[in-house]
Every structure is written in structure tokens, then in C-alpha cells.
Amino acid sequence: MTKAGKMPRTHSADLGQVDRKALAAAIEECFASTQVSTACADACLREQTIAELVQCVGTSLDSADISDATGRVLLRHTGHNGHLTRATLEACITACKACGDDCEQHTGTEHCRSCGETSRRCERACGELMTSLS
Amino acid sequence: MTKAGKMPRTHSADLGQVDRKALAAAIEECFASTQVSTACADACLREQTIAELVQCVGTSLDSADISDATGRVLLRHTGHNGHLTRATLEACITACKACGDDCEQHTGTEHCRSCGETSRRCERACGELMTSLS
Amino acid sequence: MTKAGKMPRTHSADLGQVDRKALAAAIEECFASTQVSTACADACLREQTIAELVQCVGTSLDSADISDATGRVLLRHTGHNGHLTRATLEACITACKACGDDCEQHTGTEHCRSCGETSRRCERACGELMTSLS
Amino acid sequence: MTKAGKMPRTHSADLGQVDRKALAAAIEECFASTQVSTACADACLREQTIAELVQCVGTSLDSADISDATGRVLLRHTGHNGHLTRATLEACITACKACGDDCEQHTGTEHCRSCGETSRRCERACGELMTSLS
């Protein structure tokens, strides 16, 4: 776990009812998803089979952008707007699921296998944070 | 309307049932929201009353990040994953509503009044695109 | 020009020696570049000739990300750190030049022609702002 | 080191003369910088002394955005455009230096001390990658 993942604990007074462990895990996985999806999209572009991977590149880029925004929103989480947190998590879960579904079809390619796994972890961590908010 | 707002029409074959006018309007408003919210957060920081504006800065930064990601996802829209488009629009509507609600409390400040109006336009444009998808 | 492009004028006291017209133009072009490059990368992916366009996709994605960060930094510009403004503009000029160089090789494709033009405008606007800072 | 930091090695053929260890370290530090700077800006906003911290918030937000774009560009690094890599690294070094300089003035605040350290690590890692490119 990075320093960043631990960061939210430093202004603990604002966190209200949030499960801090679930929050830190979701933040960690969002930024891992951004990185791995960005790298996977780039690696797909360099495959000779790129013509078959274009949808995978698109869902990876979507997942990278949404995970990034979600990670930033969660890092700013104050417990005051649960509605925004939930809607953002739902978008991230949906984007990571789409990316995971696409990448899992190319498990013979190392970067897609890795990206599929990372996407599933992010989908799960965001789902667990969502559950803890209810 | 910028060139970017018109861009989606160039690969029209992929757009399926999407209302192209509503799509172009939502993209335009998402990027306007990113810019105006970023500038408003910065301008708030320079107000002597900053201590009263901290929540407004936070919702503006959230709105900037989510609008940016939403604009990028919509620019890549292919009509193949309506589920992702809807979840992303829902997050953007929620973020822009929160930013609009906060900024409208400071209409004596020009940047907050402008940001409140831009947030409402983005909230509305995303809502209209959402309706057109149903 | 959007509301966002006009935004910097609202906290004019901070802008020091900056040429406000050049600043507003650079901000406008940075966000146009982000949008058009994002859309161009996606449109390239849908071309039958994608195998020949992979480098163009890569430089477009780089340009989109750097233009976005540059636009955000310029929107926060306060005149206090000219060194950061210059280094950021230099990165943006370089990224837009690379994107323009690649896209101009595919002027038979409408989105590449449009993206090439937008990249050149951003490169030029950032260059003019840089000159005005010296 | 995360999976993402290791990712570039999977398409090693493209990396040319790049020092892969320095590249992986710079990517890792760029994304750590994005996270810690985003969290630090938010935590500053919640300090009672926010009026004294506004410049620190601004440089943290700049650093977060530039580090994010730099990390994405480096993840796409192919060795084909050293000029872009260098200009981007230079912007990131400058942004992290500014953020480190500001945060180091508030070492009594835990999040600023942590953000100062992370910014220095990112500045150093980008500098080492830059040196290895020359």
C-alpha cells in the first residue's frame, strides 16, 4: 500500500461512517487500474493483432479515465456527499467490469491478463466500499 | 460549438441509436464544466472569504475531474455499451448538481455565479442525453 | 470563446505581466486539443487501416493528456511561478507538434486533418503565450 | 512496486535505449505524486489555517495534474520521441519542485510533510530518468 492509500486517515475527523480500510483499498485499486489500463491500451496497439483488439483499447481507455477521476474523488471524500460517492463508484464498477470482460477474452496476451485481473480487483474494491456505505 | 463537439459525427456508423445533437451538446458542456470548475476552485482560493468556501472548492474539483472523464468517455462513445454511458452520465449529473448547489450559494461572487450556471447546463445536457438513450 | 476562456480575467489582480489575450487563447486551444485528439485516437481505432495508424493514436493520446494538464495549470495561473508555466507550455508545444506531424501524414482522413489543424493551433497559441512571458 | 510499474517491461522491444529500472521508478513516483498531492490539497482545505495555505493548494493541484499526465506519457513510452519524453519530464520536475518547496514550509502538518517527501522523490526519479536518456 502506498503513502497515498494511507493518506485519507490523516484527516479522519471528516470521514464519518466510512469504512477506512475499504476506502483506502478502493483508492489504491483505482490508481492501479488507471496505470495498468493505460499501459494495456498502449501494448494492445503494438500487437500484430491490433485489428481484433480495438474494442479492448477503447474500454481500457474509458476505464483508465474513470478510475482516475474516481480515485481523485475518493481521495477528497469527506462523507458529506454519499450520493456523489455512490454514483462515482457505480461508474467505476461499470467501466472496470467492461474492461475486465474485454481483457479476459485475450488471456493469452500477458498485458490483457494482467489488466483483466487489475480491473476485477478494482471492480471488487469499489463494490465493497459501496456496500460499506449502505 | 467547437470542432471537438462536432467530431463524433465523423465516425457516424458507430453511433447507433444515439441522438447526435444531444451527444454533441453533452460533450461540449462536460469540457466547459471542467474548465469553469477548475478556474472557480482557483478563484475561490484567492477570495478573502476562503474559509467559508472550502466545500465549494471541493465540489468544484470533483466536478472538474468527473466532467473531464465523462467528456472523454462520450467522445469515444460507440453505442456498444449503453450501460457504461448511463453510469458515467449519472455520476456527472450528480457531480454537476453538487457543484451547482454549492456555487449558487455564492452568487455575489462572479466566478461562482458563472460556475453555477455552467454546472446547471452540464447537468441538463447530460440529463437530456440520458433521456435520449432510454 | 467559451466562458472558461474568459474566466482568468475575473481574478485579474493575480495575473501580473501576463498577456491576458494570449493566456485565454492558449487555454481555449489546450482544451480543444484534448477533445479533438481524444476523438481522433478513437476514430483512428475504427479505421480499417488501424495497423498503419498506431503511432498516430499514441501521439494523439499523449497530446490529449498533456494539453489537458496544461489547460488546467494555465487556468490556475497566478504569475507567481513563470518557471512552471514555461516548462508546461514547452511540454504542450512538443506534444502538439508530434501529434500534428503524425496527423498531417493522414490528411485523407477527415479526423486526422481536423486533429492536425487543432494541434497546430494549440502549438502556436502556447508558443505565443511563451513569447509574451519572456 | 505495483503491477503497473512493472508493465512497461511487457513490450520491451519498443523501449530502445531506455533504462527500464529508471523508467519504472519514474512511473511509480508520478502516480504516487498525483495521489498524495490530490490528498494534500484536500487536507489543506480542511485546516483552520487555510488562508495561509492557498498557494500550497495551488501548487499541489498543478503537481497532481502534471504528474498524472507524465505518468501516462511514460507508460506509453516507446523510445521513438525522446524530445517529448524530455519536455514532459522537465515539466514534471518543475511542478514537483514547486510543490515540494511549498509543502516543506509546513512540515508541522503531517500531510504537507508527506507530500513534500513524495514530491522530492518524484522530482528525483524523473531527474534520474532524464539523465539516463541523455
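Each chain carries a letter (A, B, C and D) given by its place in the written order, and its residues are counted from 1.
In the analysis below, a residue touches a chain if its C-beta (ideal position, glycine included) is under 8 Å from a C-beta of that chain, and two chains touch if they have at least 3 such contacts.
In this text, all values refer to a predicted model and were calculated from it rather than measured experimentally.
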| item | value |
| --- | --- |
| Option in A-D, A-C or A-B whose residue-number contact pairs overlap C-D by over half | A-B |
| Comparison of B-D and A-B by number of C-beta pairs in contact, larger one | A-B |
| Whole-Å gap separating chain B and chain D, where each centre is the average of the chain's CA atoms | 27 |
| Chain A and chain B, separation of their C-alpha mean positions in angstrom | 21 |
| Multi-chain contact sites of chain B, meaning residues that touch two or more partners | 42, 46, 58, 61, 68, 72, 76, 78 |
| Residues of chain B defined as touching chain D within the complex | 41-42, 45-46, 50-51, 54, 57-58, 61 |
| Of chain A, residues touching chain D in the complex | 2-5, 7-8, 10-11, 13-14, 27, 31-32, 34-36, 38-40, 42-43, 46, 64, 68, 71-72, 75-76, 78, 110-111, 114, 118 |
| Residues of chain B touching chain A in the complex | 55, 58-59, 61-62, 65-66, 68-69, 72-73, 76, 78, 80-81, 83-84, 87-88, 90-91, 93-95, 98 |
